[in-house]
Amino acid sequence: MKKVIDLDVRKGMKIDDLVKQMESVGFQATHLFRGIEVIRRMREKKAKIFLTFTANMVASGLRSMFAKLCEKRAVDIIITTGGAIEHDFIRSFKPYLMGNFNLDDLELRKKGMNRIGNILVPNDRYVLLEKKIQPLLKRIYKEKKVTNPSDLARHMGKLTKDKNSFLYWAARNDIPVFSPGITDSAIGLQTYFFKQDHPDFGIDVTGDMKELADIVLNAEKTGGIILGGGISKHHAIGANIVRDGMDYAVYVTTSQPWDGSLSGARTNEAVSWGKINRKANHVTIDGDATVIFPLLISEFL
Amino acid sequence: MKKVIDLDVRKGMKIDDLVKQMESVGFQATHLFRGIEVIRRMREKKAKIFLTFTANMVASGLRSMFAKLCEKRAVDIIITTGGAIEHDFIRSFKPYLMGNFNLDDLELRKKGMNRIGNILVPNDRYVLLEKKIQPLLKRIYKEKKVTNPSDLARHMGKLTKDKNSFLYWAARNDIPVFSPGITDSAIGLQTYFFKQDHPDFGIDVTGDMKELADIVLNAEKTGGIILGGGISKHHAIGANIVRDGMDYAVYVTTSQPWDGSLSGARTNEAVSWGKINRKANHVTIDGDATVIFPLLISEFL
Amino acid sequence: MKKVIDLDVRKGMKIDDLVKQMESVGFQATHLFRGIEVIRRMREKKAKIFLTFTANMVASGLRSMFAKLCEKRAVDIIITTGGAIEHDFIRSFKPYLMGNFNLDDLELRKKGMNRIGNILVPNDRYVLLEKKIQPLLKRIYKEKKVTNPSDLARHMGKLTKDKNSFLYWAARNDIPVFSPGITDSAIGLQTYFFKQDHPDFGIDVTGDMKELADIVLNAEKTGGIILGGGISKHHAIGANIVRDGMDYAVYVTTSQPWDGSLSGARTNEAVSWGKINRKANHVTIDGDATVIFPLLISEFL
Amino acid sequence: MKKVIDLDVRKGMKIDDLVKQMESVGFQATHLFRGIEVIRRMREKKAKIFLTFTANMVASGLRSMFAKLCEKRAVDIIITTGGAIEHDFIRSFKPYLMGNFNLDDLELRKKGMNRIGNILVPNDRYVLLEKKIQPLLKRIYKEKKVTNPSDLARHMGKLTKDKNSFLYWAARNDIPVFSPGITDSAIGLQTYFFKQDHPDFGIDVTGDMKELADIVLNAEKTGGIILGGGISKHHAIGANIVRDGMDYAVYVTTSQPWDGSLSGARTNEAVSWGKINRKANHVTIDGDATVIFPLLISEFL
């Protein structure tokens, strides 16, 4: 058995020199260390790596780190929400602003500022989204009346020129962006407007399933870096059920398991389902991704 | 200003007699009381009421309460996940089992038991799902090659005979069940199998948008009873953006706001977006729905 | 294995008829049911029952329920904080007020209103405390220069005439109120003022240890109803280490275990320490005590 | 208004270069940045700095960082629990061991291993504590029959020779260690044994109050670095009520405010009480201290 260490931290220390001590610090520091180890192993074994995240994270400074992982082809599949795609796309053209958690939401409403925790999205960002998306939907529609989520995401990625956009790099590096709930977003609202005039336009969510299943079935190994919960988390682990589960999995979460929610479920619950393999290396790290993820991933950037 | 009261609880007391005291108990008891008041008002004002919930809740004993609300037409729109539809449908034919949170997931895997917190789903339930769903998909496909989530849910509801199923009552009482992320579920896996042999089968998630928008735009008032987070929560409040927000909203959540997540966001954050109206009655109740929801809703059943 | 049930809730239902169904509802409803069972057993076996709670709960409407349990001699030992004693005592003379969680704390400061979540304590309550406590300390000091926490609590209880006060009933029914951190409170501040003029006044926290140890060592069985965390929780389970742990334990908590904190630790962690017996009946219920506790305890009042 | 940035993280990056970007990352990264700023200011203004922490943190690798802050006189007052003093003292002689959160507590009990989250304390550590503490209590008793918590902590610190012990440095650098609930710990159990043979031995918790009040009243400015909740947190902010509150405060917490608990209360609630000054710089950081604290404090070590 390893001894709990006495942490040695100094001014000017490198992140690596901190996290490598964390193995024997205890509590979530230990889990963070193990998370890095699991990612190291999934990379060594050339696993196909799923990266999932939620919309709020793309509204935050983490967005460029998702982009960087796509740029470096350090991940192979993105699964995320419509909101995440929406925020990435908008921020490719106009920035979001810093606010704080205690702002008066009635005042914000009057000022046309939409709040995501301590981040603000001015209304004009959604005017911009409309201007960009409607012509794009028209072009997509001309090609094919019924599209699917990953196609739409790819088209949006090709439209951006921002190298901090994950859509930009995913589109250029052929990393599929799956988003089974894509219409639950401002993009969805835009497709509703578009469909009013083009009733035969559609988004077929079964259209991405074969591509996803093929990746899972053909991979020697699969791994997951699962940030947050919801549909992105479940879709990544759920897809792996056809191969008896992911071989490597790291969850970063702020949710708790005691309500039986998928979002709060630890990696071990997924083992019972065969969504994570019974022999997998896996760990759950409790904490906010804006702090945890940079520490978890810096070694690989 | 009201005084904090000294709660009077006695053996044999009715739920109503407890919750009516809670207004001035403090902390979440007070929020629970206010939640009941907000629901009472949305009913008095004949608001179109959205009910949203997550898959785990349908795996739990709450399922029949959602059914009851549909039976009594006490709610007008259901928005939920693919997993919720899957669990409701399966449980219409075979029960789930009680386990506990600390069971060994490796052992469960060997025994073919899938864990959801302290609830277990034996593998044969998924064999049953396959047997029921494949012929249904064939029938739907013959009618129309591309379906949409609410149609699929309605067909599933018509197939069940279990009066504790919300799908059963929603189908019979013309309550639409919207599920923008329906393919993220075992149902999705079945549609993938089906599509292998019927490549032109599809689920168009834009297909439900007009019906949803029409409800929101035509309603005098709208209200939401939002249990848990994720896509169900967001889709309900997001849909109301076209009418400047819900007029009444009650959230029940186990998530926290400090990570900027939609799941943890309180009702007031939605006011900044116009997803909840700035004049709305709204409250967030922190706690597990299996305890909170029966107390919140008993008056209306 | 039991089946998950479909909950049957109706208008006008009794609390008992709800909670008895909860065994097979899943998630925390199931834990609540088990909590009631554990309390039922500790009562049947005539265990010496520890009740612990935190200051905020005594500022809330739960206070009278703690009093009722003392009145009925349904608990044998109280362990709590200085703040809890302070709030119980003050509320015996003047009520606290309802506010809400989002009030402006700068404004409250100007108005002389101290906030505890959504409960407010006007400054004059502390003037009252001073007026009542200083003469009491003088009387105690005349008897014995160095007192101990349970003596001080007993004297305070004898001074109140409010039958919703747990100090009132504990004093009258010889239920010791242990408070190993009593000086961390407004009472502590008062003892500091008093000691300025009476330097040989003191509170010996070792003075209560023999009485507490004797109870634990002489009991056939011990049980704990542990609401919240901190020093009250630990002191109750820690005291039971000398008898190889409590025989029955119910925790109600809002804290999480992943940070290694005592407050978030589940009952099973205490088994490793011999603070809860390895053969004990025990359960942890996640949720706010203002909602959970009335349901947990109503059968016994 | 500042723009949300796109975070730039690279292999080999220094902690400083990461955290200085965090201001405009959003969510808790932003709070972490502000925490560093608040600490920087309290140091520049030569505030008397309170450091508080809980027992579990001293069982973890953070212990040496508390020691380092005492060694460098970077903090002026420690307020902590009996458990923290116990763990620091024991670890000066024998290490704790790494386990994991899911170990079987019945097995651990048989093996004589006590669990604190994912940290293990073998039983022999408590035999060692007894051997060291009993002679020390005898010596203290000969000097003065009734001691106080800070005296006891100082004596324990003088006994250790471990430079990773905060007690060691606090004793040598005249940094008082206040512990108003010290007897709630294994130390308390030892004083109970000692008192059996020395009935006039005592620990007077009012004995430290004047020293604490004098520090608070004489300081130009005060600041607090408050890790975790409970009695340590409250005693630090509560002591500052006599000077209208701390001038600078940083909380690091895993507790939530919605239950009205002191542990979960944000810094702003303390403003209503005058425990934090209405003009103070203050921030609450949500997360596990084993990850947050090294990032928060590295600049100052």
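Going by the order they are written in, the chains are A, B, C and D; count residues from 1 in each one.
Simple rule for what comes next: a contact is a pair of C-beta atoms (placed from the backbone, for glycine too) under 8 Å apart; a residue touches a chain by one contact, two chains touch by 3 or more.
Source: prediction; values computed, not measured.
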Chain-contact steps, minimal, separating chain D from chain B: 1
Pair joined by more contacting C-beta pairs (B-C or A-C): B-C
Relative to chain C, chain with the most remote C-alpha centre: A
Computed distance of Cα centres, chain C from chain B, in Å: 36
Length of the line joining the C-alpha centres of chain A and chain B, rounded to whole Å: 24
Computed distance of Cα centres, chain C from chain A, in Å: 43
Touching two or more other chains - residues of chain C: 26-28, 56, 59-60, 116-119, 256, 258-260, 268, 286, 288-290
Touch list for chain C against partner chain B, complex: 1-16, 18, 21-30, 32, 56, 59-65, 67-68, 91, 95-99, 102, 116-120, 164, 268, 286-292, 294-295, 297-301
Chain B-touching residues of chain A, taken from the complex the two chains share: 54-56, 59-60, 81, 83, 101, 103, 105-106, 108-109, 113-119, 146, 180-185, 188-189, 191-192, 195-196, 201-207, 209-210, 213, 228-231, 234-235, 238, 241-242, 254-265, 268-269, 271-274, 278, 288-290
Residue ranges of chain A touching chain C (in the complex, touch as defined): 26-28, 256, 258-260, 286
